[in-house]
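Look for chain A in each of the two complexes below; its partner is chain B in the first and chain C in the second.
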Partner chain A sequence: MSRSVATPLMLASPGAVLFAGLVIVPLVLTLILSFLAYDHATGIKDSWTLAHYVHVLSDSYYLGIFWRTLRLAALTTLICALIGAPEAYILSRMRSPWRSVFLLVIIGPLLVSVVVRAFGWSMLLGSTGLVNAALHAIGLGPVRLLYTETAIVIALVHVMLPFMVIPVWTALQKLDPMIEAAAWTLGASRFSALRRVVMPQVSMGLLSGSLIVFGLSASAFAIPGLLGGRRLKMAATLVYDEYMHELNWPLGAAIAILVLVANLVIMLAYNRAVEARARRMLG
Partner chain B sequence: MGFLTLEGVSKVYGGLAAVRDVDLAVARGEFVSLLGPSGCGKTTTLQMIAGLVEPTGGRIGLDGRDITREKPNRRGLGVVFQSYALFPHMTVAENVAFGLEMRKVPRAERDRRVAEMLALVHLANLAERYPRQLSGGQRQRVAIARALVIAPPVLLLDEPLSNLDAKLREEMQFELRRIQRSVGTTTIMVTHDQAEALSISDRVVVMEAGRMTQIDAPYRLYEQPATAFISTFVGKMNRLAGVWRDGGVAVAGTVLASAPADVAAGAAVTASIRPEKLHLRPMGEGRLAGRVASRFFLGGHWLLTVGTEAGDILVSVPNTGEEPAREGEPVGLDWAPASLRVEADAGAAA
Partner chain C sequence: MQKNGPVALLFHALVVAFVLAPLVVICLVAFTPENTLTMPTTAFSLRWFRAVFEHPDFVTAFGNSLWLATIAASISVAIAVPAGLAIDRYRFPGRDALNGLFLSPLIIPHLVLGVAFLRLFALIGATGSFAWLVLSHVIIVTPYVLRLVLAALSGLDRSAEQAAMTLGASRFTVFRRVTAPMILPGISGGWLIAFINSFDELTMSIFVTSPATVTLPVRMYMYATESIDPMMAAVSALMIALTALAMLALDRVFGLDKILVGEK
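Up next is the complex of A and B:
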């Protein structure tokens, strides 16, 4: 009897140890760190304080960066949905050799490091980059693209698109291919059939894709770091700077915890909405 | 001139002809089945009528109007798909109302017509259910109601009963016929089930390898199959190869009495007779002697294989409450000469 109780626990323990060691412990340490006092002259002190949280939440500099993070992540999610959903639909309507080829084209970028891709974008968008060279050739003045929010969003969309396309594509795969034809025979135009019949079916995929894209965008580090420059910070790069440049680890920890909590709240609320919808649709 | 006409309609997929030169004229109110094995082009033909597949050649006419190139949403035909293709996120009533909504029928009239149609298919009490909450037979009736509520000139059914179990399928055959009769809609049904085609159609169209090989009323199709394939695909058939001699068919030394045939003496022929046209007689009586090789009880009748000089012959014996001869027992076989059909083999001198 005791053996049968112990076996599942033993089997689960390697995973549990890994999870505790790599996720729980660092998170708890960060949480503790965020409540420790800090002095520029002497470093981290051995006393408790809420000063870091008060400081972050009352300073418009930090709030501005949080707001930018939220705004850019939401914008990236929206653009990914607008591009990814039609892309997935076209993909699902392709014939057999092309479908695999284009699926690979979509997933391909995931095989290249985000840092490499960010540098690629900075070369394209730079003041002497390909985009500005092309604009110059057709007689338009140079446009400042690099180190702007536009550059961050463009690169984020590029990186996040596969995370939107794949869930939507999966939802489309589950759809009875005749369902669209059924709508046509009942008098629906191609557009009405898409809007009334196909869209509601793939909305679940779209919503879960949005959740992934939003979460990853809000915590993105390499792209805002390389394409936003020193001035345009997002949450992850702010935390990095507090740790590595200001050396104010407790403040960095406090920001990290706040970002984590904000992200969790948004995503859990969103997930609840998605699940309520799923229950209504799938029973 | 039919109500729905197909003239020389064909469909070629990458050099392979799925449908070749199909001509068909369906009268208003008629129930026509397209019957054939899988891959014979019957579903492609139906999809061309529905507008979901564009024909490579030929012309499709509806009530005198050429609809060959018309988009499916402009044709206004009712289609019931094999998978039913119900909209899973809509209730039964919303599914049925969809076609009317697309036609911008006012709300009040829409509700009335949906209710009428649901009553016709006996689903009035399930209007607020979702498709996933229905049984196979109920889903099928929703699909029929959804296709019929738009009052289509033609109803197209693609293997509508193939996803149902045997008992339900039989019930739905009658149900389908009842609904079609009461609405009077011209109907074309695709099926691979010969019993289904025979029982509910006014006419049956048999397709083989993309061609129509016979168009006839069910009874004539059964009694006078045009090709060897049809004779074995529709019902069971004994086919015996022989030679025409003395006004009968000589098979392995025995001359079988047959219907008169316009064939030269000595020509190679095939004799065919349905198992139920053969009668079991006691040993020594009848036209042909044999021995029972196997015996199957099928409820309404027995199916016997009788080994004879002319080869193995299937005999269907109606279940009259008395057991027929057992395996190994010698028997005689008898038949009315008129029921043994004779045809000259292709290539043989007539």
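Up next is the complex of A and C:
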């Protein structure tokens, strides 16, 4: 093993230069942009202002969209946990060929473009779609699903489910099934074996899965764009509109920076929680 | 091993149905002979697939996406392999910071990256440039490649390298003849994951593509917000078919669960 510093720096420098230039520089430029004044007639000005942040954080229109974003992302995370954790547990108890077949079925759609999946849901949930046809068949009137928050959450759950199943599955792989069997032998009921043996193992996977799902849902673009319609906006579609339709880049930049900061704060808080848990478990 | 009970299997069946429903519906509707988004009831027709290929927009966008994903995945491998070697093999000041920098695109929402690239490209006059679009994709796919390269390197038995070294091979020869072949599954798996991620990327690309460099997902998103007809279902069905083929190839060569779930 070489102790020289020159070799690793030479190996990593092309990537380091590219990443410094295309991650740090654009983010700093966007941060600066979010403090620049804007005028609808003349565009971006050279003077500094906090007006965009004040505007975004005090106007009920923007606050409503932020609130919806957080609410729908939290709901998506909850539903993904309620579906994903049991599903990962069931998968882990399947026999050899089925186990990998269904693991592929559950996580394979991850590789299909999110636009395609959103479009599929817009067909299913439309007024003449399959869901309404099924409701009609059992005698329930047509329900307006497309362009509602329900549609957004259903499609978000569909897109995010693999991100919950994968970490829970990975956590379960580390659990020896014999330990659960041992708990039964020692007289534990199925439920208490699940709660006292399986759950502690799964909770770390659930925690990291929830983190990923919440972060990705809160900044999702295609799903609210295609299933929420023009009126039901979330943070990402709001930023897109500010940039592409209102052309108010500094205001859009301010919202984007808020999304980034919220994302980083939640990640840090989660990491703290995970570390605290790990420390408690080690005693 | 314990078996799943009937309740568990019912739950599982419902989850699988939920996961597959939109994809199945797309593949069925794509064959409709009608002008509206309906299930084909009496006859199957290929007219909407023909319509896709008669639509120059979609063909161009598909070509753009293919080139973009191929070049971006290749550049990201060329960056991630040496960077992975540096991070895995050496201890040097700034190593953790460098690792963090390379993985940072994973925790920055693509929306924010898109907005940031748009500002940079506008300032340096690079809007609508294909080369800069490629570089922006390199940024978002490199973390995936780096993670697989690092995983491959850490699971490597070093004795073969040491033997080659002792026998007088130069360091580059050791890499070319010993290390590279051993981490090849990680590298090619990384390339494919990078390719797929780049090919599917929408949220960042929608900010930095121009009409000339538009990618397939961006074109499809635009089309779906303006009008919805069965042609969209036909394009989607083609993408599902392509993805399924890629998945089969990946699975044959490496085992897809290894790449996606990250097991050893």
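Note that the second predicted complex is superposed on the first by the 278 of 283 C-alpha atoms of A that agree within 3 Å, B and C clash if a C-alpha of one lies under 4 Å from a C-alpha of the other, contacts with A are read in each partner's own complex, and residues count from 1 in each chain.
FYI, a residue touches a chain if its C-beta (ideal position, glycine included) is under 8 Å from a C-beta of that chain, and two chains touch if they have at least 3 such contacts.
In this text the structure is predicted, and so the values were computed from the model without any measurement.
Just chain B (first), just chain C (second), both, or neither: which does A:L36 touch?
neither
Compare chain B and chain C by how many residues of chain A each one touches, and report the one with more.
Between chain B and chain C, the winner on chain A residue contacts is C.
Would you sort A:P200 into first (chain B), second (chain C), both or neither based on which partner it touches?
first
Taking the superposition as given, does A:A20 touch the first partner, chain B, the second, chain C, both, or neither?
Only chain C; A:A20 stays clear of chain B.
Which holds for A:A181: it touches chain B only (first), chain C only (second), both, or neither?
In the superposed model, A:A181 contacts both chain B and chain C.
So, does A:S189 touch the first partner chain B, the second partner chain C, both, or neither?
It touches chain B, and chain C stays clear.
Same chain A residues contacting chain B and chain C, which ones?
181
Flag every residue of chain B that touches chain A in the complex, lowest number first.
50-52, 71-73, 75-79, 81-83, 85-89, 98-99, 102-103, 130, 132-133, 146-147, 150
Name, in rising order, each residue of chain A that touches chain C in their complex.
Its residues touching chain C are 1-2, 5, 7-9, 11-12, 14-16, 18-20, 22-27, 29-30, 33, 83, 86-87, 90-91, 93-95, 100, 102-124, 126, 128, 130, 158, 161-162, 166, 169-170, 173, 177, 180-181, 215-216, 218-222, 225-226, 235-236, 239-240, 243, 249, 252-253, 256-257, 259-260, 263-264, 267.
Quick one: in the complex, what on chain C touches chain A?
Its residues touching chain A are 1-4, 8-9, 11-12, 15-16, 18-23, 25-26, 29, 37-39, 78-80, 82-83, 85-87, 89-90, 92-93, 95, 98, 101-102, 104-105, 107-113, 115-120, 123, 135-136, 138-139, 142, 196, 199-200, 202-203, 206-207, 216-217, 220-221, 224-225, 228, 232-233, 236, 239-240, 243, 246-247, 251, 256-257, 260-263.
Sort out for me which residues of chain A touch chain B in the complex.
These residues of chain A touch chain B: 176, 178-179, 181-189, 192, 196-197, 200-201, 281-283.
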